[in-house]
Each structure stands twice: as C-alpha cells, then as structure tokens.
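The letters A, B, C and D name the chains in turn, as written, and every chain counts its residues from 1.
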Amino acid sequence: MSRLFEASVKENRRLTEKHYLLTFNPLKKIRRPGPGNFFMISAGNGLDPLLKRPFSLHRRTGSGIRILYRVTGRGTAILSRKRPGDVLEIIGPLGNGFPARRAGENTILVAGGVGIAPVFALAEHLAASAKKPVLFYGAKTGSDLLCIDELKSIGIEPRICTDTGDTGRKGPVTGMLREFLGKNPSFSEDCCIYACGPESMLRSLSALAGEYGLRGYAALEQNMACGIGACLGCIVNTTRGYKRVCRDGPVFPLNEIIW
Amino acid sequence: MSRLFEASVKENRRLTEKHYLLTFNPLKKIRRPGPGNFFMISAGNGLDPLLKRPFSLHRRTGSGIRILYRVTGRGTAILSRKRPGDVLEIIGPLGNGFPARRAGENTILVAGGVGIAPVFALAEHLAASAKKPVLFYGAKTGSDLLCIDELKSIGIEPRICTDTGDTGRKGPVTGMLREFLGKNPSFSEDCCIYACGPESMLRSLSALAGEYGLRGYAALEQNMACGIGACLGCIVNTTRGYKRVCRDGPVFPLNEIIW
Amino acid sequence: MNLSVNVGKLKLGNPVIAASGTFGYGEEYSGFTDIGRLGAVTVKGLSLSPREGNPPPRIVETPAGMLNAVGLQNIGIDSFIKDKLPFLRQFETRVIVNFFGDSISEYAEAAARLSSAEGVHALEMNISCPNKQAGWSIFGTDPKVTFRVVSAVRKATAMPLIVKLSPNVTDIAMMAKAAEDAGADALSLINTLTAMAIDINTRRPKLANITGGLSGPAIRPVAVRMVWECYRKVKIPLIGMGGIMSAEDAIEFMLAGATAVAVGTANFVNPGAAVDILQGIKTFMSARGIRSPRELTGAVRC
Amino acid sequence: MNLSVNVGKLKLGNPVIAASGTFGYGEEYSGFTDIGRLGAVTVKGLSLSPREGNPPPRIVETPAGMLNAVGLQNIGIDSFIKDKLPFLRQFETRVIVNFFGDSISEYAEAAARLSSAEGVHALEMNISCPNKQAGWSIFGTDPKVTFRVVSAVRKATAMPLIVKLSPNVTDIAMMAKAAEDAGADALSLINTLTAMAIDINTRRPKLANITGGLSGPAIRPVAVRMVWECYRKVKIPLIGMGGIMSAEDAIEFMLAGATAVAVGTANFVNPGAAVDILQGIKTFMSARGIRSPRELTGAVRC
C-alpha cells in the first residue's frame, strides 16, 4: 500500500557543472510513473537533510528510472555524491502528471532550464504518435542544454534559445514561441502547450497563451515537506483558490494559475 | 598551526560484529601521535552527527594511522560505513598521552574491551625494550578479543580472561592481575600499571593498585565536545579537583581519580 | 502486552497519535500507511469558517527541522464534519479534532459544534499557534487568558478536552497549571517554536509570513524538558510531541511524563513513521517485559 | 572594504566574536587558530569566587545541536586577571568578559572588579544561564528584575556593557527593552534554550544536572527570529548568536539586525570556524561590493 520504497543507485552521471542524471532501481515493485509524476527522494540517510526533495520522472529505461537534476543547495549537493550501489529512500510516484492531449491536437512543449526533465518524459511519450510535438527549449547558455542527443534519438529536433545566444537563438523561449505561433497560425488553431521551467518563463508563457487563446499546462514547483497533500506547505494560488502543488498538481492549467 | 586536518580513509575493516579497524592517511603533515593520544574524528560530513568523536591512537603503520573502534551509537555507526577514499575531518593528536615509565621499572598493561586500542599502542612502544610489559586483557567473550595476532607479532603474549570464560580465564581482568601480583612479589615491587577499559574495571584496578601500593595510570573516557580543553564538558573528578579529560588527560594517575 | 492508555476520558488502543497539521484529515495518508493501527489521528486545526492561510512559500527546511507558516488553512468545521469525518469513522482509531478561534466565544462555539459530531472522540484546543493573526497568540502566553478561554470551552463541551500549549513561554508549567485549573482533561505539548530564516541572497525572509513554527528533531530536547516540567506540576495526562522520529524518541517522552505521544514532522519524511514507531515501542516493551505503556510514563530516574 | 563595527562604545576590527563558554579563556585555542584575527574573544563566564560547576556528564549531542550543563565552572575573577588576561593582551582582538553573580550586589561587585583590569574591553552580563542554582535564573526572565540588576551594574562600571539575554522567555523584545532602559550599551542574544535528554535504557537524564542548554544549528531559526524582534524594539546594537556554523549563517543574523555575531558550538566542530567565518563574510561582501558590515545590519526586506 505504501508508496515508500528503497531504490539502489545504478548510475549518477555528471552532465554539466551543475546537472546530474541519476538512474535508480526500486528494490520492490512500484506503481508505474508517467510524465509529470514526481518522486520525493531522500538525499541523506540521517537528519541532514531532513526532508525528502521532489524530482520529476525524467525517463523510464530498461536500466531503471531516471531523474535529471540540478545542484542548487544542500540536498542536491549530497545527492550528487551518491554512488552506484547506494540506497535511496523514495516516496512515489506522486502528483497528477500531464493530462493526455485531445485526439488530433497539436502539441507544443516548452522547457526552461532543468524543466527539460519532465518535458522530456512527455516528449518521449508523444514522440511515437502521428502528430509529433514541437519542442521549445531555453537555457542560460549552450553548456546548460541537456539531453539534446536523447531528444534527437527520439526524433525530436528541439528549437533552442539561450540567454547568451551562444547556442541557438538569443533571448527568451517565449519570444521564439511567439514567432512560431505567428508563422504557423493553422498549427496553433488546435494546439495545447505543456511546459516546465522557471516561474518567470511560465508567467510570460501564460500571458502568451492567453493572448493566442491557447490551452496549456505547466508543471509547477514549490517547497515541499510531505509530497502527498497533508502538510499544506506547497500551495499555489489559482482561480479555484489555493491548491497543493504535490497533490492537486504539480501540473495545472495555465489559465488557472494566478501569478 | 591548526591541528585540524583532512585524512583519506585507507581501509575500514570489520573485525567482529561490532569492532572496526580504520586506517587513515592525513592529507597534510601532522604532529606525531604517541600512545594515549587521541583524535577527534568527524563521522559525518554535515550536521548529523554534529560533533566529532574521540578515538585513541591504536597504531602507526607504514600505511597510515589506525584507530580501533566499537560501534556504540550513531556516530560510530556512520563511521563504520566509510569506504576507502572517503575523506574524514580530524583534529589531533590531542591529550597528554601515557607518561614514560621510569628507568628499569616493570610494566603491567591492562586492557578491558575496546580499551585495547590505546593499550596496544603503548604495548608496541614498550615491546622493543628490555623489560617487556605484561599485558592483561579482558573482554566479554572470546569473539570480542581483538588484535591477538598483532600482540603476538610484537612479541607480547596477552593474559586473557573473559566474562563468559569461553576463552582464557573466566572472570574479571583484575582478578587475574591480583593473582599475578600475589605470585610475583618481586615483579610488583618496582612496577607501574597502564590501563584503559570500562569504568568498572578501572575502579577495581584503582582499588587493587592502592592495596598493593602500585603506581598506575588510566586513560579515561568522557563525552567530549571540543577535545581541546575549551568547553569544560569532559570533566573527571580528581584529588586535585575537576580536570578535563581531553586536555589534562585522558591519562590520569590511578590514585588521583575519584570514582 | 496491553498497549491501551487513557488520556483522561479518552481511551486509546495504543499511545501513538498523528499530530495535528501533519496528517491532513487522515485520508491523505490512507494510500501510504495503515491509519487503522494508530491510537488516534489528530486532524488539521479547524475553525468555524474556512481559512485560506498564508501565501507561499510556507515551509523551509532548517537544521534537523523545518519552519512552517501554513497559517491555519482549513476547510472549516462544517465541511470537515460533512466531507472528512465519514472517512475517519471507518477506523478503530480515535479522532481528535484540533480547533481554534479568534475570540473566546468563537472557541466555545467551535467546541460546541464539534461536540455533536458523530465520530469525534476528543477536542484539542490550539491556543498556541505562532502564526498569529488578529493578535490572538495571547491565548497561549498569558496564563490568565488561557484560564479564561479554556474555562469557556470547558463549559461548552462534555467531550475529552485537550489543551495544546505553546512552547514560546517563560514558564510552561504555569501555563499547564492554568489549563488544568480551567478544566482541561489533558495537555498536548509542544507546538512549534516561533522562528525565522532569511535568504541572504534575496535578503528576504524564506517564508512569506516572515516567521514560522519550528518543528522536527531540532526541538526535541526542548519538548522533552517541557513535558518533564509539566509532569511534575499537573495531574492530568500529557501527550508529548516535538521531533519524535523513532520509537526511542517516543519512549524518551513517555519517561519524561507523557501518557501518549504524537508524531508530526516525521510523517513527512516517512508516511509510515507513526506505525513504525508503534511497532518499535512494542518491540522495546516486549524485550524488557514491560506490560503497559503506563509503566513508562514519568519513569525517568532523576 | 572596512570590516570594523561599533558595538556601542566597543570598537571591533571585524564583526566576528568567539562566544562565551565555547572558547575557554582564549589560550585553549591558540594552538589551533589565529585568535588575533577575531573581532573579539568572549571568555567563559566568571564570578567573584571560583566555581566547580556540575558533575559529569555535562554534555550530550542532540539533533543538529548539543546540550551542556557545565554549570558555570570558572576560575574566578582574580585568577582570570592574574593568569589569563596577560595572554589575551598580546592580541589586537578585543576581550569581552562574560560574568555573573548570585545577587545584584555580586553582579555589581564583579563588574567593578573587572572594570579596573587592564586589557578588558567590554563586559557581558550573563543573566540568562539556564543552569539555575540559587534560583537566580529570574534575573533573565522577569523584565523588572532585569532592569534592576542591569541598572546596578551600569552604576558600577563605565565599561561598554553588553547584556546577554535568555531565549527562554515569552517576549524577548520586552527583556531587551528592559536592559536598554537600564543602560545597557548592547545586547547579546541568544543564550541556550533549556532542554533535556533521557537515556531510555538507564532511564536517567543524559546530563547529571538533568537539564542543560541547547546550542548549535538546531536553535538558529529561533535565534534569528529573536534578533529580528529585538532589532525592531531597541536602538542599541545587537550581537547575534545561536548555531552560526558558516559565513552564510552569520550574514543571516546581520540581516536580521545583528551588528556583530558570535560563534559558539561551531568552534568545537572546527577550532578554526570563527576565522573561516570571517573569511567567508569578506568574500561575500567583496563579491557584492558591500563596503561595510553595517550595510548588512537589519537589511532584511520584509
């Protein structure tokens, strides 16, 4: 019944200065996670850090479940030191996940920074279908871009932009998306956006979607304690009142989020 | 100037269910530790556990500095999971160490349980001299006896007793010593005792030494925070008032300790 | 071995309780642990009308602890009775309802309303939440005011009445005495310590509410001390809490004087924590031939 | 970059101080760190006559913290002046002498005696030690008594007078105000939280003194909150302390309102902690173009 399980670290590969790709194998049978689901993962094995940290499903592969993470603080720093064979305590899969798209609908995927982690999961899920998603991917610099080869290997050619412009277009990902929408009015007629990234990106994406009257969903982040809806710690303000990111989300309709 | 250093774990070998032998190599030049000196060793690398733990010098070998320890709680449990290449933060060497014996004097060494750790260091130091020490060693059961082969390899034949009697004599180590003193009056005429072990053992050893008018020293233990004499946390009551185990000791004359 | 304990008039099958605010309304945990095995579940603090609570961020981790400033978000007593209580009624587990008000009359009215609800076994008055709004934190820090508000609630209900004390006081035992004198059947202690954390890069408080309540293992030694001080001062039973992560921690509280214990922050780390702790207490007791948790209560040898 | 700060009349070369009771009389650390680089060293609390302190065990680790019940062991003011002060005089580092008494007149006499000693730069009155004996813990928990004892000491000395507050109170800002009104030049906060730990196997308290003071990172969020509360209530400068382990922690206290910071328990973990923290503050400041620590004091944006 419990979704608490132990998993053994299979690989913890450094991708960039700050990003790691961790593959784990659950030591017992767990529910099948889908795109937009997440796990609460303990980085330590004592009281430091105390709380588990949320990480999205990045990929399910033959060798295990993968998360892609950025070292931002104490917990992720400790996680980055895990070695193959180390055991992690995990709760999950959790959260609502990305909703299925409507039949025949076009899909735009938007990832900012490490937001590529769950967006990739969805891209992989949708890549096999007839209507391939179009993926917009923004990062600070070219060296922060992740899984470009993996995206290509699933047949997706990401449209890239960076803040510095050293790779892809210079500027925010929403700028590139706006241009795309302008140039492809028929595509955007029946189309849904799925996004994950920093708040500033999601905020302008919301505005853009509103402008063009597009449906869309964003996977949100908030500090979490329990991950299962009990502590009321991970609130986001929506048109339907405060909602729990962990249980009511992490995926919310773009037009319901009050920034 | 600072006696704070990092050391890399060379080996962390399990000897019995509860005992480990850890060899470390300081990553910078440190002062040369002697028998009875100790180190404050951090078992974690965060806030859990917070304080360093004291461990006696057990042996200096070509491959590094050794401590011999028993898993009793959280800190030692975490220490027992260290692997070769892991880095420890250490302060030391600390403490007064065992005083040199007087010229021509006989030496009795008494170890109880993991008290063999520093007693072995002294035994090794004295083994080369003309007057070989006589070593009494008590433990709970035969399987708790440590470094018997090492003792033999330095030419010392320990006189063993255990609580269960499954190895060596049955009964407390002080009983065996009392018998020895009775049978060897000339030996005990000019003789000094050096001991480390549980409080109950040291207490009866004090009484025995008093009875026979023998000089003696014991390495004591007390909960420590700083290890350098600053916090006044590690007090022992002596005939000269409260003394700090870490700085005024850990070795104290048996006849000065007030039990 | 008989694990049952009496917390005043409230009879529990075992001494392990889920702490208020850390176990939702119970149902959140139903997919994660066996609620039916717990002595009691204390639900998130309720008020007469629903509350929105504070804006995010509401929580942040601190050394061996966490701050929360949920701000008493809740669905209100009526929705609770209608939508949440039926779920809880299916278990043997006792249901303790944590509640609060903005005035003495609100406290009394809330208690009266809850008393008539089927499936509520005890009331826990929160006079101690540090997320003060409307200046009412005084209910838990001035013994005279505590006496008055508890007396008013006592008159409004015949239910087992537990008063939950704030640790943010000079003399916890005096507060305990005031609650006892006013007719409390038992005391819960402790609630969170008022605390604060600042992000040095943004220079902003890490919580939108500026301050929040510190919970978790960091506060355990303070909580144990307070249980011990109250145990020597009052006769009514105590529910001990604050940083209980393991059976050993729970037993420490019992030795200090607690009749039962509540598990809070630990539930977040491990949704099965409370059940694991119960199991650990059993193992401890049977290894030592202890027949009832009562043998542990207050058994510290000073 | 100018690191100097004024703690009232006390001028420090930089804002990092070693906290009382965690740095011995300074000399204990001389083989381990460069004392001369610290803004100030606060020595172990002194009384008119030497004290033996509590029996062992005196310390025990708790989650992200430790309890101590040293019981104010000290060599007495006279020996300190004769045997310890000369060593400290060789450094640029300011010397703050922490002291206490059993009565108002003892406090005043101790202050007078210390004021005439060469090489003492400020006095820190400990009215807050939780290891209460002779019932004097009231000095730090009742604002009226605090006002009286601080006033008496104020009359006895012209030295910079720092009053060290206890966190074990309902309203720390009220205590701060009482000390300010009585003439304190600065406040130190916080001292340790009264706490307790029990060995569940022996059923005995882990400290011989039963209770002790909780220090270390566990208490930092409580300490930061108290500094922030006092900063908004009083005008005199604050020395912030409680669980500072890193430069980031120290800066957090400054943002909350501290003019200087004291490092306590961290010295035990790393004898070079205070110097490392100073170094880290410099790095932080120069990375952000901050020219004086004063720019950080109270700069939290709420």
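Things worth noting here:
Methods note: a residue touches a chain if its C-beta (ideal position, glycine included) is under 8 Å from a C-beta of that chain, and two chains touch if they have at least 3 such contacts.
Source: prediction; values computed, not measured.
Centroid distances built from C-alpha atoms place A farthest away from subunit D. One inter-chain figure worth recording: subunit B and subunit D are separated by 36 Å, centre to centre, where each centre is the mean of the chain's CA atoms.
With centres set at the average Cα position, the gap from subunit A to subunit B is 55 Å. Annotation: 34 Å between the Cα-based centres of subunit C and subunit D. With touch defined as above, residues shared between interfaces to two or more other chains in subunit A number as follows: 47-49. Within subunit C, residues 63-65, 216-217 each touch two or more of the remaining chains. Shown here, the protein chains touch in all possible pairs. Subunit C contributes residues 21-24, 28-29, 31-34, 44, 52-53, 55-61, 63-66, 68, 70, 73, 216-217, 245, 265, 267-272 to its touches with subunit A in the complex. Interface residues of subunit A, counted against subunit C in their complex, comprise 1-4, 42, 47-52, 75, 89, 91, 222-237, 241-242, 247. Residue ranges on subunit B touching subunit A, taken from their complex, read 44, 46-49, 74, 78. Of all the residues in subunit C, the ones that touch subunit B in their complex are 63-64.
Residues of subunit C touching subunit D in their complex: 62-65, 67, 141, 168-171, 193-198, 200, 202-205, 210-211, 214, 216-222, 224-225, 228, 243, 248, 251-252, 255-256, 284, 299-302.
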